[in-house]
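Heads up, the next two complexes both have chain A, just with different partners, chain B and then chain C.
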Partner chain A sequence: MPKLTIDGREVEVAARTNLIEAARAAGIAIPYFCYHPYMTVVGQCRICMVEIEGQPRLALGCATSATDGMVVKAETSERAKEAREAVMEFLLANHPLDCPVCDQAGECLLQDHSMREQRGTFTSHMAETRRTFPGYERRLLGPHIVQNQNRCIHCSRCIRFTSEISETAALTYKSRGNSMFIDTFSGEAFDDPMSACAADVCPVGALTVREFRFRKRAWKLRSTPSICPGCSIGCNIFIDHHEREVHRFTPRENPAINATWLCDYGRFLADSLNEQTYLYPQHRKAGRLVRAGWSEALAALALEVRAARPLRVVASANLSNEALFLARELFGHHLRGDLVVPVTTGEQRRMKNGRGEWLQATDPYPNSLGARRLGLNVVDGDGLSRFLYGGSGLTLILDAEAHPFLAGAEALQLLRVGATAVWLRREHPLAGVAGWLLPAASLASDEGTFTASTGAVQHFAAAFSPPGTVRRMPTGAMSPECPTIASPWGPPGEARPLWLVLTALARELGASNLDLASPAEVFTLMARTERAFAGLEWEPLGGLQRDESLRERQHVG
Partner chain B sequence: MESVLLRARGVSDSRSIATYLAAGGYEGWKKALGVGPDAVVKEVLDSELRGRGGAGFPTGRKWSFVPKDHPGPRYLICNADESEPGTFKDREIIEHDPHQVIEGIAIASFAIKANTAYIYIRGEFVRWAKILEKAIAEARAQGLLGTNVLSSGFDLDIWVHRGAGAYICGEETALIESLEGKRGFPRLKPPFPAVVGAFGKPTVVNNVETLACVPHIMTRGATWFASIGRPRNTGPKLFCVSGHVNRPGVYELPLGVTFREIIEEHCGGIKGGRKLKAFFPGGSSAPIMTAEEVDVRADFDACAEAHTMLGSGGVIVLDDSVDMVNVADNIAHFYAHESCGQCTPCREGSDWCADILDRIAAGHGRSADPDTLLRICRFSSEGMTICPLGDAYALPISSMVNKFRADFERRIAGASPLPPKKLPVLPWTGPRPGFGI
Partner chain C sequence: MTTCPLVVAPPETTANVTFDKTMDDRIGEVMRRYPTRRAALLPVLWLCQERFGWISPGVISAVAERLGDSPAFVDGVVSFYTMYHTSPPARYVLQVCTTLSCSVCGGRELVEHLKAKLGVGFGEKTPDGSFQLVGVQCLGACGNAPVIQVNDDYYENLTPQRLDAMLDELREGR
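Moving on, here comes the complex of A and B:
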């Protein structure tokens, strides 16, 4: 464990830590553009120059390992400062000053460094015509990536990403020297399964994500730590949102699962979180759906579930551990109903963790391991069909998207026999058979934990409360019937996360032990009673949080 | 001085192995196999042979950096990527005496216990690549290469690998990358090639001329070699003289002769009776020297003392008809074209220098230009870049600006301002949609 001094601050770091990371541990930010902690060090940008006592030349922060007794001067060194200024002048010699129209502005390392260190005092000696790449200013490099080669600072991060992380070696430099540009090796479209990460690692606006371009300025976004709902790998993400609209997912660092990467499939699920077709609880009266309030709905549902013989509940591996636990306790134990979790297999997804190992999944649900660990009855499509067969009584479907079988004609026929209550968010065939149609909230307004395929229990936070939520008062009073606030920043609606509805239903049903105020309380109860969650605490769950993640855009959110 | 490296020049059929063997060829190789690797390294260390490629690093020390106990293969690479402007000595050696190089490679490979050696030859050297391939085939046919060479139990294969025409691939780590089939980007050091080189294995990269010296050291001894030249700068050296001299060409002279002797005695003075203005002592990447510095000795240490370098020994002589702005412009363009583009100062700086010098040469210089050039050069050299190409363009250009500032200022004084850029005037076609007019 070498102990070194950086700008007068002593810090002890693990062996072979480089000076950038050592300085980060000491709370000093050495600037960098080409360095990335999960990729090889190339030392190309030369901005991380530091002065080391006893060495005649400046050293690279990225390529120099910390050694015991080293005395480093980063921000306090005049020589290093001069060198950094010169490197900035070189980089800005040909970099277009189009920040006002550049979509990377606000999360651009070059801009950040310029604003931080040069504070607007920068003057360039450059009086020549800038190098440009005519025809490469807004080129579609692949289905998700837009390239503006004029802005490229040749850090090679995107190239290293494709060669070392996604292993497709799709991108390369072409030409040489100052006319070098980024292109796919074959000249074909850049359709890597993780292609948008190339735009993530791009420190400037040379590569931007087509889907997100010009949707929202980076500084307006707030980032909420969450978990990707795309598959069971459980990549850690930030939900970047503004005014109750989800704009994108960005990877959140977690060395054990997704390092700082995210696959395109998961990333572009972000838009689907904004879909909210059903906004109010509705009840079928004489064949027509009629709007109802939550209190009316809950009271009626409480009566129905208590009377139901049999009570059948289709839960879902898309639900959080908390919602599954509440459903099991309430419907399974308290009401003696039957409960299944239907699962299916999906396309194979892959993710590379911080140790360079591939994680694979064909399980398209974020929480099927959680359902298994809660001891729930996990069934496939056939099992679900048998479960629904021949049922009068009441069937609760906690998530209409739990299984593709539910959207099929067979399921609709089976469900027509009895009464059905369905939670759903988007357009779905089940809406046609539901007696009660309850609006479900998206992941962005839910809170809870998912158990990833690696066994990690990971927390996701609510990016925004569903429109018009009335939070529970300290007195315990909570009215799920919310006043419809004409929200200026979201669609009016009463979609509620399932945990909230289930705790309110528990109160209606007199199950006072389940009348809990937050997912944290549910989790605490779960940790006390469930072996799978024993010893876990709510607070530190999940990967790195906002201020710890290698998000080079710390000021976002 | 007797000819050592170029002794075969002028001999008929000098390239054939028969001629080489008749002149005592491959004796050094046989001797080396007899005494063992450690003795070879010691002999070369004692001879104080320094690398002839440009940096002048002691060859024996370079060999001794290879880890002794490294399991698995290690490689020797002969750097024949002679691309430095004003340098044409390796080509001359291969042209007249390829076996000298092959023998040097064999001895060096034996010294570092490498069973595979590569000759990385410049892509344009098609003829010389063929010469080397023929020489290797001849040596192999004589049992001097291949498996169990001369019943010593030592195996050696030599392969000729042609480059694709990039100057940067003469830098040893870029050469290794190129040899591995990758883009010729210099590597970040450390680790040095002696530890992690070609294919991740310990590798020594030596210049053709360096390796050509090795057989002579083995046959005639380190003491003989060290007696040529001056202390710490021993042995014969090929000087490639080009430019405004009466007899340009390759001259084999002991290290430590003065540049005056090279230019005036051996090359017959300046062409057309003009006066010497300046000269590059060792290829275009060495800082330029003025006519007053012509008495500096042509060896590694004396050149370093004079703030320049012997480099590859490519002496480019410029007479007083030359305008230094044009020289700088020419050189800047070469390096801007050859910069690999990997690291910022060299990629941006070399092109920027070329642009400024173009503008001065076109008669639109500004008074701030020389200082801007010096600033660019200062921050492109002295460890600011991954490889020495930054220094290679920055040091000559800054030396030209410093030593011949009058040339630059004369151009700038007579300069006209750059004509203002004309913006295209679009014809008025009435109100445009979308602007609410």
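Moving on, here comes the complex of A and C:
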């Protein structure tokens, strides 16, 4: 373990750590453009230069390993600053400097560095006109990537991403020198399954994500740590949102699962979180749906579930461990109902972790392992149809999207017979047969944990409160539902996360042990009573929060 | 000595390339000389240029497959080097040196002369497909400036008159 001094601060780091990471560990930020912690070091951009005592030449922070006793001057070195200034002059000589209309502004390493290091002496000697790439300013490189070659600083991160991480090697430099540009083979579309990561790693606005371009300025977004709902791999994400609208998912670093990557499928689920067709509990009376309040709905449901013979509950592998645990305790143990978790096989998803290994999944749910570990009865489509077969009684469907079978004619036929209560958020055929329609909140307004296929129990936080909840404003004012569209209090509605509904129902039913106030309390109870959660604590599951670590801010974006 | 004209394989052959036995053996032989497959890329591309006359996207795919690299990577390499033709070349590629020694010894006049005579600019081909004009950097024969490389042969100590004679000779040689 080499011990070295950087700008007067002593740090001890693992062998073979480079100076950028060593400095980071000491709380010092050495700038970089081409370096990326999960890709090969190429030492191409030269912005990371530092001074090392005893060495006449400046050294590259990214390509120099820390050694014992090294004395480094990074941010305090006048020589390094001067050299970096020269590098910046070269990089900016041909850079369009169109930050006001560039969608990367606000999360651009080049812009950040200019702002941070700008000094009075900074000038450009460029007298010629700028090099441009006519026709390559707004080029669709693939379905999700828009290229503006004028902004490229030739760091090769995008190329290395495709050759080292996604392994399609679909991107390359074409031509050379001043006219070098990024391209695919012979005009093919860049449709790598992880293509949007190329825009993530691009330090500037040369590659941007088509779906996100010009939707929101980066500095307006708030980032909430969450988990991708797309498959059982459980990639760590940030939900980037503004005024109760989800604008995108970005990767959140987790070396064991997704390093700093996301697959396109998962990433572009972001928009689906904004779909909220059902806003109020509704009850079918004489064939027509009538709006009801939650108190009315809960009281009526409590009566119905208590009387139900039999009580059948279809849970879902899309639900959090907390919601599944509450459902099992309440419907299974307290009311002696039958509960199943239907699962199906989906498309194959792949993800590269920080050690360069592929994780694979054909399990399209974020929490089927959680359901199994809670000892729930996990069934396939046939099992589900057998479960729904026969008999009246009451069927609760805790998530209309739990299984495609539920949207099919057969299921609707089976469910028409008895009484059914369905939790749902978006248009779904079940809405046509359900006696009770209960509005569910999206992942963005829910909180809890999922168990990933690796066995990791991972926490997702609520990005914003569900529609219609009263939120305390910074001024201390309170407001109830407010129908204005852009209201800071959010749209009206009463969709609620399932854990909240289940604890309220537990209260109605007198199951006082389940009358808990937060997912954290449910988790704590689970950790006490469930073997699969033994020893886990809620607090440390939070994971990385944005702003917490410089490293993360610098290379995601 | 007359320079041999370049022969370009017909479009059907360069669109979808499969290497025949002879080509495959020659490629295999080149590959054996290098420690990694990627290292053999440049000479293999030369072989292909010899065989097909130019490096078409079809050639790139075939080479990429043979060497186990991605077509994008091979494409990038091809585009880096100006001596690989990425479109079918003319029968005679006139590579006029535009660097200092040649320029001061009459190279500029040669360029003007050629442009006027052939009616094409740098990078262009005459409509009949005989000549293609290319400006290049120092050919390493400054002692005999000005120099034009035609296909693989050097023509040195040129004057507009000698150039005319040379072009006529090449035309007839076809």
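The definition used in the following text is that the second predicted complex is superposed on the first by the 516 of 557 C-alpha atoms of A that agree within 3 Å, B and C clash if a C-alpha of one lies under 4 Å from a C-alpha of the other, contacts with A are read in each partner's own complex, and residues count from 1 in each chain.
Everything that follows uses one rule, which is that contacts are C-beta pairs under 8 Å (C-beta built on N, C-alpha and C of every residue); 3 or more make two chains touch, one makes a residue touch a chain.
Since we're looking at a predicted model, the values are computed, not measured.
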Touched partner set for A:F90, first chain B, second chain C, both or neither: first
First (chain B), second (chain C), both or neither touched by A:C197: neither
Partner chain(s) touched by A:Y173 [first = chain B, second = chain C, both, neither]: both
Superposed model, chain A: greater residue contact from chain B or chain C: B
First (chain B), second (chain C), both or neither touched by A:T184: second
Contacts of A:A434 with chain B and chain C, given as first, second, both or neither: neither
Chain B versus chain C as contact partner of A:M126, first or second or both or neither: first
Which superposed partner A:A63 touches (first chain B, second chain C, both, neither): first
Chain B versus chain C as contact partner of A:V41, first or second or both or neither: first
Shared contact residues on chain A - chain B and chain C: 172-173, 175-176
Of all residues in chain A, those that touch chain C in their complex: 162-163, 168-176, 183-186, 188
Residue ranges of chain A in contact with chain B within the complex: 41-47, 49, 57-58, 60, 63, 83, 86-87, 89-91, 93-94, 125-129, 131, 153-154, 156, 172-173, 175-180
Partner chain A, residues of chain B touching it in the complex: 166, 183, 188, 336-345, 347-352, 355-356, 359, 366, 368, 372, 375, 378-379, 382-386
In the complex with chain A, residue positions of chain C that touch it: 57, 60-61, 69-76, 79-80
